[in-house]
Amino acid sequence: MINRQLKFAEAIHEAIDICLDGDRSTYLMGLGVPDPIGVFGTTKGLQEKHGKKRVFDMPVAENAMTGVALGSCLVGMRPIMTHMRLEFAMTAMDQICNQAAKWHYMFGGQSKVPLTIRMLIGRGWGQGPQHSQSLHAWFAHIPGLKVVMPSTPYDAKGLLIASIEDDNPVVFFEHRWLHNIHGPVPEGHYTVPLGEPRIVTEGGDVTIVAASYATLEAIKAGRELEREGIKAEIIDLRTLVPRNDAAILASVRKTGRLVVVDQGTLTGGFAGEIVARVTEEAFGALKAAPIRVALPDIPTPTTRALSNYYYPTPRHIIAAVHRTLGLTSRDGGDDPWAGIEPGDKTLDVPDKSFTGPF
Amino acid sequence: MPQESRLALYRSMLKIRRVEERIQALYPEGDMRCPTHFSIGQEAVAAGVCKNLRLEDHVISAHRSHAHYIGKGGNLRAMFAELYGKVDGCASGKGGSMHLIDLSVNFLGCVPIVGSTIPIGVGAAFGAMLQDHAAITVIFFGDAATETGVFHESVNFAAVHRLPVLFVCENNLYSVNTPLDVRQPGNRTIAELARGHGIETSQHDGQLVETVDAAVVDALAHIRNEGGPALLEFITYRWLEHCGPLGDLHLGYRTQAEFDSWATRCPLRLYRKVLEDNRLIDDAAHAAMDAKVAEEIDDAVAFARASPFPERSELSRHMFA
Amino acid sequence: MINRQLKFAEAIHEAIDICLDGDRSTYLMGLGVPDPIGVFGTTKGLQEKHGKKRVFDMPVAENAMTGVALGSCLVGMRPIMTHMRLEFAMTAMDQICNQAAKWHYMFGGQSKVPLTIRMLIGRGWGQGPQHSQSLHAWFAHIPGLKVVMPSTPYDAKGLLIASIEDDNPVVFFEHRWLHNIHGPVPEGHYTVPLGEPRIVTEGGDVTIVAASYATLEAIKAGRELEREGIKAEIIDLRTLVPRNDAAILASVRKTGRLVVVDQGTLTGGFAGEIVARVTEEAFGALKAAPIRVALPDIPTPTTRALSNYYYPTPRHIIAAVHRTLGLTSRDGGDDPWAGIEPGDKTLDVPDKSFTGPF
Amino acid sequence: MPQESRLALYRSMLKIRRVEERIQALYPEGDMRCPTHFSIGQEAVAAGVCKNLRLEDHVISAHRSHAHYIGKGGNLRAMFAELYGKVDGCASGKGGSMHLIDLSVNFLGCVPIVGSTIPIGVGAAFGAMLQDHAAITVIFFGDAATETGVFHESVNFAAVHRLPVLFVCENNLYSVNTPLDVRQPGNRTIAELARGHGIETSQHDGQLVETVDAAVVDALAHIRNEGGPALLEFITYRWLEHCGPLGDLHLGYRTQAEFDSWATRCPLRLYRKVLEDNRLIDDAAHAAMDAKVAEEIDDAVAFARASPFPERSELSRHMFA
């Protein structure tokens, strides 16, 4: 039992700090990294501690700076890059996906690219179409990248250290609404291996697969379902690539039912990959159609009047579980949005302490 | 400059300032739930540039766009409604402060990805040229945008095709909380950087609205007469935090002394003094002007508050044209 | 019965020509568009015919030039952009996916972006890691984009005209190995509506879904299967977004078996989306696990000795059909690669006329 | 310049020329199945630059990279094996002509996405600086690469951090079949464009190898003494088609007259004349030099042909480090 409680953001901070301490070739760069706010606290004070040569800001030039990070790997460095929003890194897709992802392979394994790229996923007030996309499915589709999506402070620290120490490019997702959650975090160095999902709660009635912030929503749904007597086995993917599917397949073989929750949009999203994979591998065990709970295929609207109807809630997960259990007709059942007012001010905050907008 | 023009210049700055002060006052109520970037301290650039534009000329901007929207004559009611996320917002509530638009005055839009509207503005000028329109396109952006590759790609294309584009860089010395010297070399200005592309560029004091005005007059004449783009760099300073209605001196990334030296160079104060010295305005006239502006703002805020939220069915509307 | 035979590349050319003729706001730009080779013949002579103001080359600046195209839409133009390889457009993901895709929505429907972006997918000699990726799954995952992937000259022309005339951004895929295939193409203006799959062959034993070049491989497999007495219903998606799934679902309800063939890599690819969708919607009809036939999760190797073992062949589709029909054990059956030599010179050419490298 | 240095310069050009001529001769057999970009006509740049580099200095290049690989001393056997897609290729066959690499001589690699290796080269210099290495990084690219945004982003970063980078632009007047004037404005050179970033730049004749050499000596001295990057633009000309072993005058995008005027300025011919005039070489010595080069090439080709193809199991190897 670990008694030490840290915020997710603090766990990230500690992981980076430990890696900077442990390996002189590690450095950290990104817009705002050394500024007084320090990327929502995750990089605060690190420049003061580790020096300007190892922790620094950069020009607004995400594509070139990714190339710079990659180039430095070729002479032995181990960079960590930080993007305050995933969208900023969309200018860097060539360097991330054509260069960093493929460099090791396309030169026959001669160079390695131990580059970790932190991507923050926005949610909050009016983050809107260009500050909120969770495009983990994109990166998972590029061979050569590892994709990591923790949901707890413990995993955040252990997986980030593992990512930084990994000799390959890793894209590390941090959902903004996770930064302030608390959880037990051991002191010092430890790693959580890339590739192993975590069984959050055991249950025999239905398997719920999620990752990153969606895991929290799944857990909330699971609590509610438990009250109804439905026991969900909730599995937190933790990493999309690499990914050992044994736990998921074993779970579905037990429950026969699958709901996948994704913080990205539906079509072409990673939930589809999980559904496809499970269906291919455990078809005989499935008792009902799997269901995806994901964002609709719509850009994120800015006004909360619409974003309140955009992000699925635990109620949606519950409704999906009910459907897969045959408790409601496939398309029927309660409208999970029922009773929500456009002006509602509880759905666009992660908790009461949130004062917006980022 | 004619007396009325001088007063109009001041009025434009005053309106920008007062609108932003009102947003500043209302924002803490927690009903404008979107990231909001203020131009307080930088009004002279928007006012000085927009004074010289015709209705048909295009303007496009980025995340810090209120001043440009107002300067170009964007609808105030629709702006406030947008900030409140209402259905009558200029983007139906879908955009918020970072996505203002008013096509009736050819304010084409703005987006918060740094640098991204620069090629889009160049494209508007290009499209106009393909259709033999005489419209000029003004693209507003900050100092950090000149670090993006897309800025250079855009300037190059505008130079090759000699497009009628006025690039306006508001160099307020910071990108978020990061000073210029860790982002750009100290031995060249942004005007010099852009001059490498073979276009007309110059750097000016962005606090003196008549200096801005004169620079713009020259640049537009160049664009019209010689054909081909120009870039103006204006040195200016943001008073408030990068995003949001508060001050941020407590953060320590800039000094009180630096702030003070800029605050004394408030573009409104400096220009009011000029107008007063020239007996174009006195306290009473100023108060009257201020009252009229306040009235317009009151009306816009009332309109915005009264406007309904978009209905749930609006979520999937506007997906495809 | 249409007697006029055109090459796929000629059909593309004709579509562009017709659109340039029909609408003064249409223009065509891209690297090499007016050069003597004319993007594998698809743009040859168009500058001479339509003038330098409507058909032109550009600097190597894909990101800005996409923005330029988008900006011109805002003042009433209807641009066509051409990328000789999809990878070149990976520098333009911000403009395509953050700006063009969202512009109409995020400004409340006030502006429209009738921009068509042609993306050529490389295959041939040593196209390697950076000249061969078919990332259609990426674009299909971005709400606001339409994604079109024809496989015949008829559809190429009809869908390209429909794409250009569509008031939304469309990403139009052309696999290089399609450019030289022949097929019937009517003269003059016609459109194929975006969103409707095409049933290539009817059959009751198994449903094979494919798009773009993969459709040709599926057809080859279908012929072989027919000889074995297995009747495949082959469905060519034609467009990924929008997409009416009625035909696919009806087919699976008939056959109970699904094989999806994809010219992209497996994980996070669009085949998974189809499998997920069909499983969600037609679970009860499925008699066996669906199977995806896609590229392995590996960057494209350059040497043919490895690319010969990289691209799935009709034999792989046949093996998948056998598996889903229970004719071989799930993992057993013949190795589809058996008998292929590393130095084989038949697998890295689309036909005998191909002299490489592009 | 010492006699041996002059002969070495010539020998370097000759080797590059002969290797490419051999590829040209063999390519039509259809066994080198990868896109191949030749530098015939442009040898003086690679030879003149690489002569001044130490083993520890880094080189990175783009799609047209044979000359740079050879100039830096890259292994010839491994290069030919790579072109043949063999397991002994410098990238195990996984890369082909567009992905050459030889880490034993600090030739870091090359990729065909235009502009993409520029920041990577800057990163190598940055990484070396972080580790207090004195290595200089040379980045080779073409005229079109200066149109990409990533070029400017990279130069800016190198300028801010005063990195020991030599940017070498081989301006051969074309990007594929597209001339410069539809891509870049005519009123500035690439050297002037880059100078906008506040770095040291100059333009030179790329056909005269001693001119190249002298420019590089100066630039390297500047980098070493002043710290901070420099850019050299060399005007040169490609003889063959953009990609592949053939001529392309029949396409008509360039004229015979233009071609001829450049062909007479063949860097090898011009320099051989200088050496002959200075009695440093005669026909016999030249033939001997040529024979030695041919021998090395014969060996490399034989090695490459004898090398086996990678086995099927190699497909999934090297996926992760």
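We just call them A, B, C and D in the order they show up, numbering each chain from 1.
As a convention for this text, a residue touches a chain if its C-beta (ideal position, glycine included) is under 8 Å from a C-beta of that chain, and two chains touch if they have at least 3 such contacts.
These figures come from a predicted structure and were not determined experimentally.
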Taking each chain's C-alpha mean as its centre, the one farthest from chain C: B
Intercentroid distance (Cα basis), chain C paired with chain A, Å: 30
Separation of mean Cα positions, chain C and chain B [Å, integer]: 42
Distance between chain centroids, defined by C-alpha means - chain C, chain D (Å): 36
For chain B, residues that touch 2 or more chains besides their own: 89, 91, 93-95, 99, 111, 113, 147-150, 153, 156, 160, 182-184, 319
Where chain A touches two or more other chains at once, by residue number: 58-59, 61, 63-64, 87, 90-91, 94, 98, 105-106, 128-130, 143-144, 296-298, 301-302
Contact graph of the chains (line, ring, star, complete, other): complete
Partner chain A, residues of chain D touching it in the complex: 58, 60, 89-95, 99, 101, 103, 108-109, 111, 113, 116-128, 130-131, 133, 135, 149-150, 153-154, 156-157, 160, 317-321
Contact set on chain D toward chain C in their complex: 30, 33-36, 85-86, 89, 91, 93-99, 111-115, 144-145, 147-150, 175-178, 182-184, 243-244, 251-253, 309-312, 314-316, 319
Chain B contact footprint on chain C (complex, rising order): 25, 27, 53-54, 58-59, 61, 63-77, 94-95, 98-99, 103-114, 143-144, 146, 167-168
Chain D-facing residues of chain C, complex: 31-32, 35-37, 56-61, 63-64, 87-88, 90-91, 125-131, 296-298, 301-306, 309-310, 337, 342-343, 345, 348, 355-358
Footprint of chain A on chain C - complex, ascending: 63, 87, 90-91, 93-94, 97-98, 101-102, 105-106, 128-130, 135, 137-138, 140-141, 143-144, 241, 264-265, 267-273, 275-277, 279-281, 283-284, 286, 288-292, 296-299, 301-302
